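Same chain, two partners: chain A is paired with chain B first, then with chain C.
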Partner chain A sequence: MTSSIPLSAQLINLFAAVILLLGFAMLAQRRMLSLINLFALQGFCLFLATLVAAVTTGQVHLFYSAGLTLALKVLLLPWILHRLVRQLKVKREVEALINIPTTMLVGIVLVMVAFNVALPISELSHTITRGTLGIALAVVMLAFLMMITRQKAISQVVGFLSMENGLFLAATSATYGMPMVVELGIALDVLVGVIILGVFFFQIRDQFDSLDIRHMEKLKDN
Partner chain B sequence: MISISGLLGQAFAILLALLLAPLLSGWVGQCRAWFQSRTAPPLLLPYFMLQKLFNKDVVLAHNASSLFRAAPFVIFGCMVLACAIVPTLSTDLPFAPAADALALVGVFGLARIFIALAGMDVGTAFGSLGGRREMLVGFLAEPALLMVFFTLAMIAQSTSLVTIVETLAYRELVIYPSLAFAGIAFTFVSLAENARVPVDNPATHLELTMIHEAMILEYSGRHLALIEWAASLKLYAYSCLGLALFFPWGIAPGDNFFALVAAIPLLMFKLAIGGFLLAGIETVNAKLRIFRAPEFLGTAFMLAVLGLLVRLLLEVRV
Partner chain C sequence: MDFFVLMLAIPLVSGALLTVVGERDWAPNLNIVASLGTFLAAVGLTGEIIANGPRFAFGEQFFIDSLNVFFVSLTAFVGLTTSIFSGPYMKNEREHGRLSVPRLRLYKGMYQLFMFTMLAALTTNNLGILWVAMEAATLTTVLLVSLYRTSASLEAAWKYFILCGVGIAQALFGTILLYFAAERVLGESGNALLWTHLIDVKGSLEPTIMALSFIFLLVGYGTKVGLAPLHNWLPDAHAEGPTPVSAVLSGLLLNVALYAILRCKVLADGALPNGYAGNLMIGFGLFTLLVAAFFLSRQKDVKRMFAYSSIEHMGLITFAFGMGGPIANFAGLLHMTMHSLTKSAIFFAVGHATQKTGTQLMEHIRGLIKINPLIGWGLMLGTLAILGMPPFGVFASEFMILTHAMKHFPWATPILLLALGVAFAAIFGKVQPMVFGETTAKRLPHAPAMTPVFLHLGIVLMLGLYIPPYLTRWFHEAARMLG
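And now, the complex of A and B:
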């Protein structure tokens, strides 16, 4: 290979692009189970990207974080969410606040903003994969958008987890990962967060007979 | 500049397109039947169909204008031209300088306008309904297709299809993430443009859903034969375009005769795989409501724009 970009960086770029693509697919998805599957797939791409970075740089802690990603985001969290969906019997999203094509257009604008914002920042970084910083920022913004436009509590949690994926990608691409302590802490926080939110789902449903969180905006019964 | 071998190669490519196009349609129909566990129609069914239609007399409506009679020839001519421009076997195409990727979109657009006008010409309700729906799909699909071409043109630094294919096929292997986006967008657009399942069903005559079939209801005899042939040529042109842009390996460089001969079975193999996948897509997807079609094509446009953005971010600098 004599091209200007080494193969490993090309692979990481490819996985980053697929992660962005899956972010958009999640934004467009109406069914709950497919949404969770897409999230698992996004986690798997993140795992592959981290693995490639780990093999290229030979940094041991990147291997650990790749393994953590695989165990937590590809296997454990989707499994918990699947179980929640089955127990709560939510099949599909009621219409989102903004319709899907409009959401997609807003998403494209967000991607442009993210790319432009990330451009000067990534100049400061010296890693081979600094180009993916823009994509990571775009994934974070898309996840934000999903949390804003969705009404069901579960899709908001998936949005939250997808945002964490974006942050993780940013950390890997810009600085080759955070220190191990920080990563472990975040991973455990996310796990505990999902478990607590799962308990909340049941509480919300018992209280309002629905997972639509708009019911919670009313302060008193009428 | 224009060599004899180039001209021969060009003529051979057009001839092959004319002959292979109905076969591709027949193959897709057969695969669809297999997927849906029906008894498959014979592979050569489209040829029998064309022969039957060419032997039948033309019945014209009383108020059909000359445009109605001219339209099949214009549409057929457009599709043959499209097949001539797309590099199928070799990149040595004397016709290629006549039209680049953007002009190709224009050629498809011209055919679309004529078929929509012809549908409205006789003044039946179905004809104008089909014409309007076709224009709705067309005006949404065209920008997405242009965006796909822009992404490829940025990679190859040229809008000429021949240059794009040469860049992608003969340079060292580089992974272009933007091509993944462009490829998916192109698949969406091809499905919509060729009246395939998520947007239209080529086998339906149900008035609520048909688009392409609604426009050609008034045609008969050799006119209908030409339109059917043009439809299969369009499918062939889009398939070859997709193969040339995203799987360009095996297309003969320049006027190398042996490479050209070797390219034929490879092309047929790739087309067979493509047709099989197309039938698979058509089987696992349900037809969308007509008002969902803008959403489908909007997604295609969005993917193409994303491809362009990813190209700018990831691949240009560094």
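And now, the complex of A and C:
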């Protein structure tokens, strides 16, 4: 039956699957710099998927969207994060709250949930990329799991950015991307957000001598 | 000159300017003048809308009708009074050594930019831009919450960023799904996220997609409204940030987030006529109201307690809009106005009280009325107003919500009464000894600005006794737009 699926759709599905695998890899990765590299790789796969969709459909704004992904998520953000990690000296391995095999199992369950939620919707879609909507939602959920289980502030931010990757994949797969003005706005927000967080990390480190968010569990209702 | 362009340009330009010159002696005055300019432009815009009806701006990207112009004028007004309040408040903080000069600059610049993002979110016609502006509103306030650089304020700001970031990511997914549903009807033009186009075709949007989309939008923007169980960031951010920031977060940002939900609800109602969106909002609203009411009595920090009170009122308003219909929508809009004015007035009074006593712990704040009767009475009257005592306006809106609930949703009445009663007991019991009793307060180097407090409470009192007919008409029209 594979012959009935066009090559471009197969390529996009392949890249989407790699993005999902990278989501799992990030969930398991404890070293900070490797985590950022995985994030950059995920962004690169997103770029390739968007590019294939752009070439196949000839939609001009998808080319811009792909360019934006390449500039922001593959080059600029990983570069900023690398600098932050070096300046803040957080090379140490991060201790996960839950051990890695358990996290992976939870991740698999989340992926199944995501596919079931997305199934009725992707059947309504007419784009060549519709199969990837479930994958996109799964990437969002894996990133969410990563934010919950990690202790270091930087890995939470990488999780947050990975969630944004999943959302962009969803936008591309369901509708060939959002209108250009919205995509630009989102990109601007993400960039400003990371810069503000960069400032914020230094404030946290100066105050706590560490970027471990376990120090930040004092505010409670009692 | 176009009032709308002025209204967006003034905070943007002055925000940029104040980040450069914000440490000068005249900077607080510039902050006030800019806010006054924004307010006057908003008043001009409101007059224009009342006279000529809805209008577009910048092509079709911005759209102002009687619903959002009402939020615009409220936002600009509270923005102005907060800037007046923050003048002496921030000077006192500087004298106490809690804030350095660069941080004052950061505060003023970010304050104006925050006003800009909220006004943009309120007036945009594009649901994608609405999302962008909401996220930008979070970003401008993260560094304000952590302004004191204490470990508690850093923790609060971190929680604020992460929780609202995750929440707003859900809202983005909801927006993508909405776009997906709209594109099937409106085609692949840039119009498929424009609210004025969506409203025309709301009946033919795919129900399956809209149902899922609205859940994501409600949970996402609901995080910013402070709906339980996603409200955890709110008390921390309100308690640890500077008081002017607490006042605008509570009085304005929550409203803007709720406004975003309302716009989406109108679309969801069109696609799903069985009251699905309304029922979800009723459920979330009641749950939030109950959770907040029972957390109120456990609070020790005064700003934290009033933050929980904000969550409680947001729950009540969400419930009112969930019921829907002209009366409940009218009551919801009225309650939003009353809550904004009253809660910011309370935060102003609380801000000066905590400066005078040097603590936010309620057990150490005593006898405010002896050292400064204005602050004491301001806090007491504000508390009575927010608790829904007649003749204040909150009573009128709460009464309307309650009677409407009794008629159409009788099962919800005991829950509402229980929550309101528990909240009353908790707050009144704690505020009363703070105002009366032996004093612990001291003199401040800069006299507090109490005009905003009594201005707000005066308006709330007036609206409780008498709502001018043009305002009633305006509320009715806005309520009708919500269906």
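Simple rule for what comes next: the second predicted complex is superposed on the first by the 214 of 222 C-alpha atoms of A that agree within 3 Å, B and C clash if a C-alpha of one lies under 4 Å from a C-alpha of the other, contacts with A are read in each partner's own complex, and residues count from 1 in each chain.
Everything below uses one rule, namely that a residue touches a chain if its C-beta (ideal position, glycine included) is under 8 Å from a C-beta of that chain, and two chains touch if they have at least 3 such contacts.
This is a predicted model, so every value here is computed, not measured.
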*Superposition on chain A - do chain B and chain C clash or fit*: fit
*Does the superposition put A:117 against chain B (first), chain C (second), both, or neither?*
second
*Considering only touches as defined above, state whether A:132 meets chain B (first), chain C (second), both or neither.*
first
*Looking at the overlay, does A:140 come into contact with chain B only (first), chain C only (second), both, or neither?*
second
*asked:* Between chain B and chain C, whom does A:178 touch in the aligned arrangement: first, second, both, or neither?
replied: second
*asked:* Nearest 10 degrees is fine: what angle do the Cα centroids of chain B and chain C make about that of chain A?
replied: 150
*Examine A:78 and indicate which partner it touches, taking first as chain B and second as chain C; both and neither are also allowed.*
neither
*asked:* If we overlay the two complexes on their shared chain A, which of chain B and chain C does A:204 touch? Say first, second, both or neither.
replied: second
*Identify the partner contact of A:28: answer first if only chain B is touched, second if only chain C is, both if each is, neither if none is.*
first
*Count the residues of chain A touched by chain B and by chain C, then name the partner with the higher count.*
C
*Would you give the minimum C-alpha distance from chain B to chain C, in Å, for the three-chain superposition?*
19
_On chain A, positions contacted by chain B and by chain C_ = none
*If you look only at chain C, which of its residues touch chain A in the complex?*
61, 126, 128-129, 131-132, 135-136, 139, 142-143, 146, 149-152, 154-159, 161-162, 165-166, 169, 172-173, 175-177, 179-180, 183-184, 188, 190, 192-193, 206, 208-209, 212, 235-236, 239-240, 295, 298-300, 304
*Where on chain A does chain B make contact in their complex?*
1-5, 7, 9-11, 13-14, 16-18, 20-21, 24, 28, 100-101, 104-105, 107-108, 111-112, 115, 119, 131-132, 134-135
*Once bound in the complex, which stretches of chain A touch chain C?*
59, 117, 120-121, 124-126, 137, 140, 144, 147, 153, 156, 160, 163-164, 167, 170-171, 174-176, 178-182, 185-186, 188-189, 192-193, 196-197, 199-200, 203-204, 206-208, 213, 215-219, 221-222
*Once bound in the complex, which stretches of chain B touch chain A?*
172, 174-175, 177-178, 180-181, 184, 294-295, 298-299, 302-303, 305-306, 309-310, 312-315, 317-318
